Amino acid sequence: MKRTVPLAIAIVAGFVLLVANFIPYAEDWSLTAQEWFNILAVGAMLLGGGNLIKLHLMKISSKKAGWGYSAVTILCFFLVIVVGLLQMGVHPSPNYPDFAWSGYVLEEGSGLWWIYAHMVVPLTSTMFAMLAFYVATAAFRAFRAKNTEATLLLVTAGIVLLGRTYAGVWLFEGWLPESMQWLRFDNLTVWIMEIPNTAGTRAITIGIALGVVATSLRILLGIDRSYLGQD
Amino acid sequence: MGVLTILYVSALTVAQSPEPPTNLVVADTPNDAGKSIDVNWTLSPSDIFAESASDTAIPDPEFIVASYHIERKTVASTDSAIISDENKQWRQVSESAAGEATFTDRTVLLGWSYEYRVNSVDNQGNQSTWAIATGSVAPSMQWFNGSKAWLAIFMFVFCGLVVFFVNAARSGKKLWVREIAGLSAIDEAVGRATEMGRPVLFVLGIQDINEIQTLAGLTVLSRVARTAAEYGAQIEVPTCRSLVMAAARETVEASYLAAGRPDSYQPDRIHYLTDEQFAFVAGVTGYMVREKPAACIYMGGFYAESLILAETGNYIGAIQVAGTAMPSQLPFFVASCDYTLIGEEFFAASAYLSGDPLQIGSLKGQDWGKLVAVLVLIIGIFLATFVSKSGNQDGTFKSSLDFMKDHMLGNAGLYPTIDENLEGDDS
Amino acid sequence: MSDTDKPNKSNSLIWGILFVIGGLMLVWSMSTSRTGQVWVTPEHHAFSDTGEVNDNNDAVWKSIDPTAATTTDITWTTYEVVPVSELIPAMIDSGDATLSWSRTIGLWLSAIFTLFILSFLVGDNPAYKFAEAMVVGTSAGYVLVISIWDVFIPNLLGKLFPAMVQGWSLPGMDASAPAELLYIIPALLIVMLLWQLMPSGGWISRWPIAFFIGVTAGYRMIGYVEADLVAQIKAGMVPLWVTGDTGEFDFWLSFNACLLTIATLSAMVYFFFSIEHKGLVGKVAKVGIWFLMITFGASFGYTVMGRIALLAQRLEFLFGDWLHLI
Amino acid sequence: MYRILKDLDRRWIFLAMFLAVAIPVLARLVFPEVVSKQAKMVFDAIDDLPDGSNILLAFDFDPASQGELLPMAQAFTRHCSIKGHKQYYMALWPLGSPMVDLSIDTIEDEYPDMVYGEDYMKFSYKAGGEAVIRMIMQDLRGMFPLDSKGTQLDDIPMTKNIKNIQDMDLIINVSAGDPGTKQWVQFAATPFGITTVSGCTGVQAPQMYPYIPEQLAGVLGAIKAAAEYEAAIDEVYPSIAANKKAQEAKRRMGPQLVAHSMMIVFILVGNWIFFVARKRGEA
């Protein structure tokens, strides 16, 4: 029960999905399996939420350093859940105004929309925007032309950086003869992307694809059972 | 006078609508589960995209085709299922724009029979007469999807190679894998940390234990921990997932045991920080600045935090070695670390170190798969070059190239059918 | 990350500069415009029962002119934002435009949260930690709510209890559809997955996890072979002798094709682990790594470009939507 | 000089970066755009379709990437609307569903003649990522029994005769990660041969190039390509050129230019320090 059944489930599910590509007869089974998979993905999200609560509750109860922030997290979490599940501030669908629960939970002006627009959006987007600053310090303190490879990388990066702005055109305006226009950074960038970048990425892509085939195959044949845990 | 009237009337009837499409052919879609029907027709002469329109007569500008209406009638069902009244009549199933001469009806049911008709419509809504397909057609299911035959063959080849080498490795056959240059860099880094009397920092990425990159990172960690134990250097492993921490502790403890120094193993130095990406980075970089580890080793799956880690490591003057299969993070590691294991190299290093027959066998199988890919690629390039150089469009080389592109690497089926050869169709 | 920076004079200097600049901007913009205010205009909706019923035997309602609405009709009001640039005093006087307190507070909160997060650049501080704790809580809660309304209810509950769900939340569904009992299986799998939260019996969740892993392995295998292996080999099969439109030999196109081929093959050689990188193979692998470096350089440039755009957007929000400076 | 730079507090660099972006934003610097090959390819893929074609707009991004991707997504919406294409919107990121609402707002504001359900419609969020893509290629209703307003697909004119995504003439994917363009290429474009164009973040763009032109008809990489795409639309459709809201990406290229130049300066100065230090034996 603990190991054999899950192993059988993984193998059968995997083979149905694989075979359905070649044998149309199996197509409906594979569609059913995928539909269940996508429903189960919601389960994974519920689990994620549950784990988050568990983790932070543990932090609070053990009064670990910074437990107050865990309380903020849990508070926000439940606030959103309550506002969202109770559809606060949501009007019914215009097609069915007599069905109180028929509205769109993210309708402009609703509670969940307010939280999304004024909390989720600024917080997540600023979090990512910070990377612009880190890129700058990294450029100053870490990106060194310490060998041929790193030099090649930095020179290419420099050309692409300038080539993807108007500077790539402007720097060469007026003095570069017509026959040398390909040297303009914007043109050079297009060339870098289409020839060396395409080639390098293609080699990496093919390698990764073979790696995925090997790992998936090990699961489908039951050779690799690490996902079943230790006991 | 009478003749004139007839002429006038006929001209009027012709001129009141665009000309209809012709040669309507309806057939079951091949290689499917019986869920669709292909409808093909020849463009109306009033269609500006029609070939006849461009070279002979220009279509009457008043009645240029804007679209084609495709209508369907259900004539028979299976298992005495009831056909709705709406479907018993002609009803429109689609509208195709001018210039389009094919339509695939995917709203049909397996085994039911249908009839089709198509007409053309101009901008004013004038409809032509109907082109009606002869007889009804029923979609049917094929037992094998012939268009994917070569894909199946390739799957067998690649999977076969992996299975063969995994089995060979498991049965005890020694499979040779080249030494990875980056591994000696790791030893040097640990050595220098020992000399300086400062710790070694090892980060396993931010993915969970089920990710293959984390597992590969753990294999490298076991080697690093062993070297550190032998040299007597301290090793620090902050993790982003609690399960990764548990696994890392086991790994490091085993390494210290193998090095014969179980007493120097300090489990507290392998600790879980937080699941949150940026909070984790803040914790690790804080440690780096306080303790100034002499060597920083990053092995695992990294995202945007790679840059922050590598920058801080560089700032404190540590020797840095990284390994990841995240293509988008590799540039930052390459530019700021002393050595980087790139993509597959990382997995190869893990296989090389672990000596695990599963990993080595897979790696070998992948290598041979790559060889097959390279050979097919080279043959293809050779053929393509030869065809282009000779300019010969119907020789053996051309047909071989087409066979490779359309059949082996395309969806045209196992082998060319007769009429396809005659047409010499190149799509 | 204050730890990376020594507490010194520059610390307070930077804080000082930022505060002065920020304060000046705020004062200036508040004195010139409706800084940080959100104005809205109401839009009334009214619906009346037509007396007809639809396939589900539910009453059919139609939208009517709000001014003609009677007590038996259903009415509500929504609000549309009026951009401050389009706001004229006449609208305010006539009551067509009103100040929306909820949105104004929201706007200020957005701005404050943005600044909280940016404050991390000067040094780690409680404001940042507070904002970070909020990101985690709100986004996790949001994802949960959305997946319940958008997936769990229509795709699972709706199949198991169609009549109940139709009568409650999704009136557009077909209430007469039979319950599909097969969906008990995914429902059970979800329960088994959630069992992980229990203190014991964690192995129960292995069933759904195994299903997850098996399905993923099955479709990924085909997807990668077809798109990333077979199709990539096909795409790499370019003629090295390229003729231009006129049919003449084109040197540069041929050069590019040769370079593409050499680069692809040499980079693939670098990833061969069954051959020692010595002699000819070593040289080819060296060329391969150079091309990989150019690839990474391009990737580097593109990534930097992306990160800066994110910052620009945040600053546009602060300077534009909040402070009305642009 | 060397000493000062070597020990420079990194917050000065943060400040420099802040100013490099903030000043052009405030000064509203705008530079001319030259339409590059990729932007032209994407433009053509949409423009060459006959009016009224079925287009799936799959928006797979969240607010964290809206700085790069939102202008692009809006430009796609405007281009499709002016061509009168039938637009089917969907979002596979839980945080991304409201991003589609922004596009729908644009249609409602700027193209009031377009009718929901006849000219455009929206599918709600579904969990599962790439598995959803794989599934709707064969069975749309299995995954989306209803649209985002809770109406059955059979009751919506534009989805009535749509069995699955193979009925689409073009897929436009705006992508910030996984699921995103790579997954659409793997599970939609390659196996079913549906023309696909992508607008993706700078991080992903270089990895999409090997798919061009067979598996992808074109890629817009980050904000620069979005600006070029806007310029390409402006050239052909003056009504969009007159719309100030449709020039967002172009406006964002001002900070981009200054910040990129600043990055180059940082790298050069940083390396100068590195070489001096190496000469002095400090590194």
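Chains: A, B, C and D, in written order; residue numbering restarts at 1 for each.
Definition applied: a contact is a pair of C-beta atoms (placed from the backbone, for glycine too) under 8 Å apart; a residue touches a chain by one contact, two chains touch by 3 or more.
The structure presented is a predicted model; accordingly, all values stated were derived computationally and were not measured.
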Per Cα centroids, the chain farthest from subunit C: B
Contact pairs, highest-scoring chain pair: A-C
Between subunit C and subunit B, distance of the C-alpha-averaged centres to the nearest whole Å: 22
Subunit A and subunit B: spacing of chain centres that average the CA atoms, whole Å: 16
Distance from subunit D to subunit C - Cα centre to Cα centre, in angstrom: 11
CA centroid of subunit A to CA centroid of subunit C, Å: 9
Residue list for subunit C, restricted to those that touch at least two other chains: 4, 121, 132, 136, 139, 142-143, 146-147, 151, 155, 169-172, 215-216, 219, 221-222, 224-226, 228-229, 231-236, 261, 264, 268, 271, 292-293, 295-300, 302-305, 307-308, 310-311, 313-314
Multi-partner residues of subunit D (each touching 2 or more other chains): 10, 14, 17, 21, 64-67, 94-95, 97, 126-127, 131, 134, 143, 148-151, 191, 203, 206-207, 210, 222, 224, 256, 259-260, 263
Where subunit B touches two or more other chains at once, by residue number: 151, 155, 158, 278, 315, 327-328, 331-332, 334-335, 343-344, 370, 373
In the complex with subunit C, residue positions of subunit D that touch it: 9-12, 14-15, 17, 21-22, 25-26, 28, 64-68, 70, 94-95, 97, 124-127, 130-131, 134, 143, 145-146, 148-152, 155, 183, 185-187, 189-191, 201-203, 205-207, 210-211, 214-215, 221-224, 252, 255-256, 259-260, 263
Subunit C contact footprint on subunit B (complex, rising order): 150-151, 154-155, 158, 176-178, 181, 276, 278-279, 282, 285-286, 289-290, 312, 315, 327-328, 330-332, 334-335, 342-345, 348, 352, 363-364, 367-368, 370-371, 373-374, 376-378, 380-381, 383-385, 387-389, 391, 401, 404-405, 409-410
Subunit D - residues contacting subunit A, complex: 8, 10, 13-14, 16-18, 21, 31-34, 36-38, 62-67, 94-95, 97-98, 101, 126-129, 131-132, 134-135, 138-139, 142-143, 148-151, 191, 206-207, 209-210, 212, 222, 224, 253, 256-257, 259-264, 266-267, 269-271, 274
Touching residues (chain side subunit C, partner subunit A) in the complex: 45, 47, 49, 58-59, 61, 63, 74, 76, 78-79, 102-103, 106-107, 109-111, 113-114, 117-118, 120-121, 129-149, 151-152, 155-156, 168-172, 182-183, 185-187, 189-190, 193-194, 196-197, 203, 206-222, 224-225, 228-229, 232-233, 235-236, 256, 259-264, 267-268, 270-271, 288-305, 307-308, 310-311, 313-314, 317
In the complex with subunit D, residue positions of subunit B that touch it: 35-36, 93-94, 97-100, 104, 106-107, 315, 327-328, 411
